[in-house]
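Quick one: this structure, given as structure tokens, is what I'll be asking you about.
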Amino acid sequence: MQELVKRAKELLADGTVVRVLGWKQGDLGYNPEPAYFNSEEELKDFVYDGFCGANLSKYMIEACKMEGNTLVFLKPCDTYSFNQLIKEHRVKREKAYIIGVGCKGTLDIDKVKNAGIKGIESISQDGDTLKLKTIYGEKEFPFNDALLERCTVCKGKTHQVYDELIGAAEGEEAGPVGNRFEMVEKLEAMSPKERFEFWQGELSKCIRCNACRNACPACSCLKCVFDSNQFDTAQKANVDTFEEQMFHIIRAFHVAGRCTDCGECSRVCPQGIPLHLLNRKFIKDINEFYGEYQAGEDTDSRAPLTNYTFEDVEPGIVVERGQK
Amino acid sequence: MGECTCGGNHGREMLIPMIGVITDIRTETPDVKTFRVVGRDGKKLFEHMPGQCAMVSVPGVGEAMFSITSSPTNKEFQEFSIKRCGTLTDCLHGMSVGDELTVRGPYGNAFPVEQEGALKGENLLFIAGGIGLAPLRSVINYVLDNRDNYGTVEILYGSRSADDLVQLKEIQEVWCKTEGVDVYLTIDREQEGWDGHVGFVPSYLKEIGFQTNKKVLICGPPIMIKFVLAGLLEMGFSKEQVYTTLELKMKCGIGKCGRCNIGSKYVCKDGPVFRFDEIDELPPEY
Amino acid sequence: MQVENNKEFRPKIVAFCCNWCSYAGADLAGSSRLAYPADVKIIRVPCSCRVNPMFILRAFQKGADGVIMCGCHPGDCHYTSGNYYARRRMTLLFSMLDYLGVENGRTRVEWVSAAEGVKFSTTMNEFVAKIHSLGENVRLEDLRCKN
Amino acid sequence: MYKIEKSRLSELFAAIAAQEDLFLPIKKCDQANYGLWTEEAEVDLDTLKTVKSPKDCFFPQSETLYKCKNEDGKLAIDPAKLQDKPFVVFGMRACDVQAVKVLDNVFLNDPVDSYYAARREHGILVAMACHEPEETCFCKVFGIDAANPAADVATWMVGEDLYWKALTEKGEALTKLVENLLTDADEAAVEKEKKQIQAIIEKLPFSHLDLSVFENSELMELFDSPKWEEMYKPCLACGTCTFVCPTCQCYDIKDFNTGSGVQRYRCWDSCMYSDFTMMAHGNMRTSQMQRFRQRFMHKLKYYPDNNDGMYSCVGCGRCVSKCPASLNIVKVIKKMGGEA
């Protein structure tokens, strides 16, 4: 982390950038916030640890509109989002100086709390263990058990776009990584009724706070269709289950083929809805129907939904597949 | 329907509207129409004071706050002068006589026309721009109908063009002909057939050069208000002498939905009428 | 009010038909006196590609029991490639609806040319029969629209 | 003071539910939220704070105000039925109870909101002391005692027993209803528990925030502070903080066209949304900084100005744990000068 701060100071001093976009120390052990640093002095609060989960690519949409260049720290999976934003002309590559930072996985404090650990005062890491100082005594928690779901199926440690790398383990495979489609496959194997009940339960928790949308780097529309006042299914209503289904289906569809599977939607959801399972379904279908595709890997290929071939499968596949 | 148990209060009625019938529509300007509204029984929907507003709605389209243009002294109906500028107003402009809409109110405070030392017994100067005449018309007619309670009445009204002057007929036929009332009209740009004054309201104000022994009521576009106020201060008026009426987005009209606040004041409940020295103490979020 | 219990279930079907092929196909079916149930409500769209996923969901919200989209045969699009894009979109959308537990027979895409009046009517007859067997749409319903 | 064994709570719930609707924290898909009790429901009294606050029970996220039909140009308005049956909200924390008082000041002040008033009149609040307060809690700052919730009935979970004490007439009536399940108890165990809770609260990291800056500064001085500009930037403009907040009361009124008529409903709204103040002639809060400032100024300055100094934050800490960008009111209070 000291190296990141040192380099940031240098880049500020030599005028390469006029601001730094990173993470600022929070007031609890686990709540650093995304922050802009405009001076060497401000960088004293800079932090980079496992709780810096926020994907800063989203903030780069605004940062690219500001005067001068911005230094941004991106984790490997954040760089997919940044690439995708370049492709969609939402960010300007030349306005960003990207330092790719190494990532050992980002953490979900709720996993720790759900294990009954309360009153956390501070957190430190010792090898594979998180040491937690709490009001109710010292506690330990395995690092790997605290990983966010997205990090248990890590896409890899390779940065897709950067100006320089610090602390990155380029090309290195992430530790033991699960199959990211495991849960999607499990759901597909269920009966329609079971699937319906699963989603009914999950989506009915939705409070329509729009955190998923606003945190999503792919949701970069200036005005969302759900913000239209000419539209029955407006953003705020939470009247019955249809509203939530509608919102989440349409949102997932709008980012289909553009979603890099960064997992921000699930990370920020206050109700813990596994929204990534909707996006991954689209990713899985796209891979199966139209060939392997990873959004954000490049900046010039045509996305699956803005492309076609004469031999594409017919929509009837859904019924046929269901019958086998 | 459950019995109302709120102990004589009227919260329920406050959000449940009355049904109003349009009995007359006057096309004032290319984009302003004045709607006359009564209840189904043909009577006035409610009593109000000049400067108060009401929520007018077309179910399924929207609901918005409009100032009541007619004077409380009119015992037969209420009028709303509405400029076409959004979804709801578009729809209203497409309506015809006999159509029904919903109205709830009245909401907000009013110009202190009955308060000694505020407006009662004072010389009055009304300054309006464009559709800003709507709320002031209510006060002007109230004052003219209670003529003995007030001193001199002067009206300075300007608009983009002669076609955009709202209530021109009433201005020419009633206000101009009433004794002790001086009307000054102006339009922004030269126009064929217009032999009156040409120029913006703030500059016309200075040309006329009013004496400061009066209270001023302003309503118009924000930019006009800004320059008129500056002009008035230059002429020696104090902020305590000047009243205006504000408009912000409103949903409930009763100070609960939380969006029309300027600092700790709610425009729908504590306003819409403010004296400029009061506004000075509030954040500039209007 | 909703269909009363003692009454037979009459499915409500929304059919999005492209202006150039399928709508003309429906016309031909009509002028050829080929019968298809009156439960099918046709919405004419300029191209099958005009059908946004939201259209499909809105149709279900407002009470449709089945939604079918008809367009020109692949290769025959009046705008060259509209139906190819539509095909991908609908494939993914239908797969998603299936994934959410909505019965996969409730949605369908069929390519119908201007000359295929017979195909239009048989398709509609089949689809209505299918929806009839699936019953009322309850998994994608908006309760507010049910009374 | 009464008590009931923890293991017999389901009997207690069944007894209450037999008479009245019972809302309490229910775990569904891994999250605890207030819901209607049923025999199958998984009651969760251990989670300190539900995701959504019990505000929902009195001021639902969405409710129909009236239905309107237009038949041949004639409008017909059918107002929604008001709550007319008593119901019980069980397990409210002291902060949530205080939050209801904050809402009361808005909705029960003239003109009364009768939809809310009817729910308040028929709602019976059963509060529960916080056995293990968490690091995100800062109710003490607002003078709330988590060990002594001020509801119709206060309860304490001590060991294997739930202690029960009616504090109001409504509470007495509810107690009568379930009397046969309760046994007499002495206060010693509860007193010990209270001391324990209070000792923990003393140690919480946010328990000693200093609010004097909001009391002593002029409104405009706070409003014009350059610190807002420094703070708002991470804000994503979502409504999470507003919707999990037990005191946020802003609402929107909208129409839904059902095909056979129009339902006019009101739903929670968030001042963080760009369309909150958007109207045909423009928007007077055009930047996220202004919206961010509005939310915190409302909680810490505007509301207290209008309500004898009562803050419209109760320190429940939901925003602290839920904000996607880890922004929260504690950071705002500290930044504005309220560092303990």
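Chains: A, B, C and D, in written order; residue numbering restarts at 1 for each.
In this section, contacts are C-beta pairs under 8 Å (C-beta built on N, C-alpha and C of every residue); 3 or more make two chains touch, one makes a residue touch a chain.
Please read all numbers here as calculations on a predicted model, not as lab measurements.
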#### Entry: Longest centre-to-centre distance from chain D, chain (CA-based)
C
### Summary
If you tally C-beta contacts across C-D and across B-D, the winner is B-D
### Message
Based on mean C-alpha positions, which chain is nearest the centroid of every protein C-alpha shown?
### Response
D
### Task
Averaging only over C-alpha atoms, locate the centres of chain C and chain D and give their separation in whole Å.
45
### Query
Roughly how many whole angstrom separate the Cα centroids of chain B and chain C?
52
### Query
So how far apart, in whole Å, are chain B and chain D when each is placed at the average of its C-alpha atoms?
39
#### Entry: Whole-Å separation of chain centres (CA-atom averages), chain A against chain C
36
### Message
If I count partner chains per residue in chain B, which residues reach a count of at least 2?
### Response
62, 87
### Task
Please list all residues of chain D that touch 2 or more other chains.
252, 256-257, 269
### Task
Can you tell me which residues of chain C touch two or more of the remaining chains?
144
### Query
Which residues of chain C touch chain A in their complex?
53-54, 57-58, 61, 74-75, 81, 84-85, 87-105, 107-109, 139-144
### Query
Which part of chain A faces chain C closely enough to touch in the complex?
184, 187-188, 192-200, 225, 232-233, 239-240, 242-243, 245-246, 249-250, 252-253, 256, 278, 281-282, 285-286, 289-290, 304-310, 312-319, 322
### Query
For chain A, which residues count as touching chain D in their complex?
26-28, 31-36, 54, 58-59, 109, 114, 118-121, 134-136, 201-202, 204-205, 207-211, 213-215, 227, 229, 232, 234-239, 267-268, 270-273
### Query
In the complex formed with chain D, which residues of chain B make contact?
1-7, 9-12, 14-17, 19, 59-64, 85-89, 98-102, 247-249, 251-252, 254, 256-261, 263-264, 281, 283, 285-286
## Note on the structure
Listed in rising order, the residues of chain C that touch chain D in the complex are 62-63, 144-145, 147
